[in-house]
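Structures follow.
Each of the next two complexes has chain A plus one other chain: chain B in the first, chain C in the second.
Take a look at the complex of A and B:
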């Protein structure tokens, strides 16, 4: 009679085992910067509500080198988050069929990326035009 | 005649009877370009070391028995070729996240229990007598679930899922994909029964959408798609109970 003694392998450092998992962890971590940037915007809204001086103080705070550095890092992470958002989006919805033809997951992602690009350009143009 | 090529296969060895920790053993295996990793293992067992233990059956990617970690990635060993690794070594391990019984054999009983729990069979929407004939379905209705019905229970997706590795109560990719396969079947009426499992902590919400399951699936079942669209279904199911309380029918 054979002896059973199942061997359990450790999960330590699991996310370093495969580049796929590393990318997943970066995506998870990027959520922190999405939330942090949202807080900075809320802070701005709050300052706007409190009046001219508070709003100017907020604008001044944004010019601090550390804040500029934060924005650069946040931009990188938020961009990665947005990119992966559209990459994973097709699997969160039922298969889309148009006129009996299936819209592929790659097409849905591409549509999202295109919409993201258009929205970003539109915001840049509006901001550029507004601050002229 | 061409010179025989040799490849080094490094195999995970574990013998529960010795009480020793697992180790890796390297074998030098002659191979031809059409040889799979599975054939490499068979060569070892037949010619070099009869004590090596591993599962296999059909050799043509349909039985789902021969899943192994090949250089750290879950693969069907019959569908993975030695030529793609040569001249480097190939490291073969049992599918990760499962207890190892011996060498490359894992204990799959946890999965089998989970598979059973999703009621992986058609629960007829309406009882029909034989005289009434078969349950008919249009090709479009079949298309709704066809892809998910291609699962061969090879468990590569479980080996690709760190959430399952970290939390054994998670129902996991293949079982949830099969759950969706039956819920999406127009002949099936078991959705209500299965939603309980979908909604549970160990159901779809145990998934954090790593997405590697769909990447490694040898049958393009896309379990991540099945699970993540059921998160919306589960959320809808949750809110609908306020609009249409159950048991009021």
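Take a look at the complex of A and C:
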């Protein structure tokens, strides 16, 4: 009896066929950088708990050129995630009304991007506080 | 019908998505670029003393756990659901690996944050 050999369509490079799929894959790839960055922070927290020397070793590791490169790439991907997150946000929630008027999808996205900008500036100011 | 875990994981994914869409880029910019490059002085902005003080306060502890664990729940949930797209079968094993990592990291993070005072 011949062994069954079902045809399984290859998944290789399917997303390269269409720019829409390429953007989808870039967005999905950003999830890796969100998770990986969280692990970098967890490593730092572990070092902080171990003591001064361990913490300084972590700071030193962050200065490695490959680590800076990783963070630059992560910054690009996570920024793309933030941009697309607020872009699709209105499609994931029910219609919002304010004073009987429907808030448009574009307005909800704009609100999200504005919140992102405010949050970024607020964190920069908080961290920069007292570092002069 | 067997109850799904999806709503629980989805809400963690959603919370992590919002948090990373608000604070992800600026945090990466500070800890990954500005401080290592010396644009923000490390012995000031992210000094051992300052970070210990931050992690010693209950607000700091809550922020640290929220950022690290929710970023991971968000990331691992999406990685799990992207496995099919890159041709990896997303079975029970992968589910345990993805959500297990997020769960373990949450536990470790909570333990560490409580140990700092």
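Definition applied: the second predicted complex is superposed on the first by the 117 of 132 C-alpha atoms of A that agree within 3 Å, B and C clash if a C-alpha of one lies under 4 Å from a C-alpha of the other, contacts with A are read in each partner's own complex, and residues count from 1 in each chain.
Here is the rule we go by: contacts are C-beta pairs under 8 Å (C-beta built on N, C-alpha and C of every residue); 3 or more make two chains touch, one makes a residue touch a chain.
Just so you know, these numbers come straight off a predicted model, no measurement behind them.
K.L.:
Taking the superposition on A as described, I'd like to know which of chain B and chain C A:93 touches: first, second, both or neither.
P.N.:
first
K.L.:
Looking only at contacts as defined up top, I'd like to know whether chain B or chain C touches more of chain A.
P.N.:
C
K.L.:
For A:32, select first, second, both or neither according to whether it touches chain B, chain C, the two together, or no partner.
P.N.:
In the superposition, A:32 touches chain C alone.
K.L.:
Classify the contacts of A:101 with the two partner chains as first (chain B alone), second (chain C alone), both, or neither.
P.N.:
So A:101 meets neither chain B nor chain C here.
K.L.:
Just to be sure I read the superposition right, which of the two partners does A:67 touch: chain B = first, chain C = second, or both, or neither?
P.N.:
Second partner only.
K.L.:
Who does A:11 touch here: chain B (first), chain C (second), both, or neither?
P.N.:
Both partners, chain B and chain C.
K.L.:
Output check: A:59 vs chain B and chain C. Expected answer is one of first, second, both, neither. What do you get?
P.N.:
It touches chain C, and chain B stays clear.
K.L.:
What is the shared patch of chain A, the residues that chain B and chain C both contact?
P.N.:
Touching chain B and chain C on chain A: residues 11, 15, 28.
K.L.:
Write out the stretch or stretches of chain B touching chain A in their complex.
P.N.:
Answer in residue numbers: 14, 16-17, 19, 22, 72-73, 96-97, 99-101, 107, 140, 162, 165-166, 208-212, 214-215, 222, 224-225, 228-229, 231-232.
K.L.:
List the residues on chain A that touch chain B in their complex, please.
P.N.:
So the residues of chain A touching chain B come out as 2-9, 11, 14-15, 17-18, 20-21, 24, 28, 88, 90-95, 100, 105.
K.L.:
Could you list, by residue number, the parts of chain A that touch chain C in their complex?
P.N.:
So the residues of chain A in touch with chain C come to 10-12, 15, 25, 28, 31-42, 44-46, 48-49, 52, 55-56, 59, 62-63, 67-68, 70-72, 74-75, 78-79, 81-82, 85-86, 112, 115-116, 119-120, 123-124, 127-128, 130-131.
K.L.:
Touching residues of chain C toward chain A in the complex: what are they?
P.N.:
Within the complex, chain C touches chain A at residues 16-18, 20-33, 35-37, 40-42, 44-46, 48, 51-52, 55, 64, 67-69, 71-72, 74-79, 82, 85-87, 105, 108-109, 112-113, 115-116.
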